[in-house]
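Multiple structures follow.
Next, two complexes with chain A in common: one pairs it with chain B, the other with chain C.
After this line comes the complex of A and B, so read on.
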């Protein structure tokens, strides 16, 4: 039982970070039909911003993190939209998908080439202590990661639901034609979505990288997991992406703990296949989620 | 109030409006009729800044408003209710109404107006917390009509409001429009339901192939045999040459 609780909590913790990436992925899809196959690299990269700022420039960690989030919002949000999405979407969804795949490769190889091909230690943000909960040893970073990731997603949900700007963003995603005729500045709303995705990726990056090392290839698994979590959750709902992320985190950790660490990689894939077969619209998805 | 002068325009390279011209007076209801594909909806899009206009002019109260953006047209006092369903499906009825006043700098006033239109359309108050997608087609249309009133527009462009509405609700919407006209609002409407629409309108306008074919007092058009013929599927030219 103690072991189960332990595994469950670290699964939820990892899953909530996956959910950050999956939520961003879903938001971009809703707002601009962008399927961002560079999302994994978007989560890989900000950790290197932090490293560059701390190791190379000697800035203190908290400041470096704030700057890295800022840089991500700018580069992975605004610049990505301007230089990749806007020119490519005019040619259709498929060219854009290919462009994001290319961008992912570019970011990956760029970090490998210009920073390092080796995994870099990344400072942990929280004390590495262990708390005892019902006899289970629960790590403080796990709990802190979970709280921050969930807090971010809940905050985002509240922003979208409770503020007028958030509702304008929803209107733009759900029915851009109507949003436009009512005078919503739909271009600005789509831009906000990209900025938010940049911030979500950066937060996910600084939370997840201390668990592993900062490495150019970190995006491979993360991107896949975010993609699967988004599909499992229904692709058109933030709540779905959240549930998808948590589910993958928990199942992944449970299978690593009880089945085999070797096969854990296959587990999200199995979940994906299962969901596609049983509930093609996703766990929480609705077939009429998008009215055009 | 609104004047179109020899308007040309279309979608991409496809020309739909071929010199549309007409002028409608303030505080009046004008119904636009014409066969499918005549360009009725396209005229509305042109006025509201949603069409690529190649030449011609749109004037409002004598002022040139050609090629304005939708936002600028809203600020100039125009609202537009397109054909079909036009709600934000997952937002509540209340929040759909709120979007109708989203461009206003006075949100307190918008909230008051929402209360007033909910008095006018009690169904909306009853379902204000439901998602818009959960309303029936007729209820969604009422929501759209109500939403268009929040900014107290001077000119309402309303495209086929009666589709999907029961005859009772159609009359209800028509009465709402007439009441607005009596308050000084100008209304330009497209209706398939030509007989009952002309019967409640001041003027009628027949559009064909992107050009104004007839424009007269509504009762005159109603009595015109060529209009009757048009609705049996013919063309005006055939009638004229016959």
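After this line comes the complex of A and C, so read on.
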């Protein structure tokens, strides 16, 4: 039982970070019909911002993290939208998808070339203490990762539901033409979505990298997992991405623990196939339209 | 006038071509990117440093070494293509690869072409296939692990051990060798957990280890996976002695895992902390040159390049077949061959014999606890 609780909590912790990346997928899709296949690399890159700022420039870790989030919002949000999405979206979704794949490769190879192909140690943000929960040893980092990731997503939900800007963003996602007639600055709302995605990617990055180590190839795993989570949960719902992320995290860990480590990556793929066959809109998704 | 100038230019070019062709080409085929970069890139840096020293001292038989690097990308099939490319480009000797999964594939190409290959791989299968052109720079797991068995049983007093290992050629070799060691020492393996190359999440594996009833954990994975495992073990408060062979206590793993590596015990064939002045001097030069500490892979690459020099000079010509023949049954002593760092012998399979060490990681540094004789 203790082992099961241990694996479950570890799965929820990892899953909550996957959910952050998955929410980014859904946000961009909702706001601008952008499927960002560079999302994994978006999560990989901010950790290297932190490393560059701490190791190369000698900044303290908290300041480096704040600056890395700012840089991510700027580069992975605003610059990404301006230089990649706006020019490509005019040609349709498919060219944009291909452009994001190319961007992912560029980011990955860029980090490999200009930083290092080797894994890099990344400082843990939390003490490595362990708590006992029903006989299971639960680590403080696992709890902290879960709380921060869930808090971020809940905060985002509240922002979208309870603030005027958030409701304008939802209106833009649901029907941009009507939103524009009602006086919503839809360009600004779409920009906000990209900025939020940059921030989500940066938060996911600083939470996951102490466990994964900082490495140029981290995006391959994270991007795939987040994409599957978004599809499984429902590509057009934030709460779907949240559920999808948690589900993938838990299933991945349970299958590694009780099925086989060799086939752990296959189990989420089987889940994906099953969901697509049985409920193509995802577990919490809706088939009729878009909503953030 | 023009004719004279043309003749002079042609003569100069042919002279330069003659000089260029006089260089001896050595190919470093290594994991410079991909999951094995933590091992291959360091191995390659060790080779580079040795080659620069050798060239500065006059080269091999008066010829400068032209070191050419080939990136296997930690992909066995790509490593095979890179070995073929190196042979097509007339490499005299191949250095690499480090990952056993690649070496078992690419060494067949080197064997078919009769090109000697100095490898950093440690899987027992490498030297068990009857390849007369393969030679190790570190002994195989089947030679290293028996030295660990008595440590687990007598020093740790553990009779139940959990094994976590990489499901690769390297990992399988270590796993199978450890099974034999456990059986011969009366140690029960209570949990047997394979992991994947480039695995990033070890939470479930550590949870299984915790509930396995083991008194110690034997870990046999490559560098980055070992570091991630140690980080997760610390995170979950595993609380069991962790032992391994070479990699788990290597400087690269210590750098990556930080405090999580403290307390790990390991048998190591080569270490920068060895009480041998030549190794310490080499490690200090390496750190000054590259800005990071030399681990066993750096030392393997370094002494591998010097092995090529000494064996070629013993043969007296750049003859690949004579080189391979010479290495079988060869012993090099460090007193007269300082680049070899420690006395070493190769048997007729290319397997290596050398002293080795038991180490423990204390405050982020390897501490030698015992020096073990060659076997």
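By definition in this document, the second predicted complex is superposed on the first by the 290 of 292 C-alpha atoms of A that agree within 3 Å, B and C clash if a C-alpha of one lies under 4 Å from a C-alpha of the other, contacts with A are read in each partner's own complex, and residues count from 1 in each chain.
One rule holds for everything that comes next: a contact is a pair of C-beta atoms (placed from the backbone, for glycine too) under 8 Å apart; a residue touches a chain by one contact, two chains touch by 3 or more.
In this text the structure is predicted, and so the values were computed from the model without any measurement.
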**Asked** If you stack the two complexes on chain A, which partner ends up touching A:198: first (chain B), second (chain C), both, or neither?
**Response** neither
**Item:** Touching partner for A:182 - first (chain B), second (chain C), both, neither
**Value:** first
**Message:** Which partner chains sit in contact with A:167 here, chain B, chain C, both or neither? Use first/second/both/neither.
**Reply:** first
**Request:** Pick one for A:77: touches chain B only (first), chain C only (second), both, or neither.
**Result:** neither
**Prompt:** Which holds for A:252: it touches chain B only (first), chain C only (second), both, or neither?
**Reply:** second
**Request:** Report for A:11: first if it touches chain B alone, second if chain C alone, otherwise both or neither.
**Result:** second
**Item:** Of chain B and chain C, the chain that contacts the larger number of chain A residues
**Value:** C
**Item:** Interface residues of chain A shared between complexes with chain B and chain C
**Value:** none
**Fill in**
The chain B residues in contact with chain A across the complex are 48, 50, 70-71, 74-75, 80, 82, 85-91, 95, 98-100, 102-103, 107, 133, 147
**Prompt:** If you look only at chain A, which of its residues touch chain C in the complex?
**Reply:** 2-3, 6-7, 10-11, 13-14, 112, 117-121, 124, 128, 130, 137, 139, 141-142, 210-213, 215, 217-218, 221, 252-254, 256-257, 261-262, 264-265
**Complete:** As the complex stands, chain A meets chain B at residues 164, 167-168, 170-171, 174-175, 177-185, 288-289, 291
**Fill in**
Residue positions on chain C within touch of chain A in the complex are 32-35, 37-38, 41, 167, 193-196, 198-201, 203-205, 207-208, 210-211, 223-224, 227-228, 231-232, 234-237, 255-260
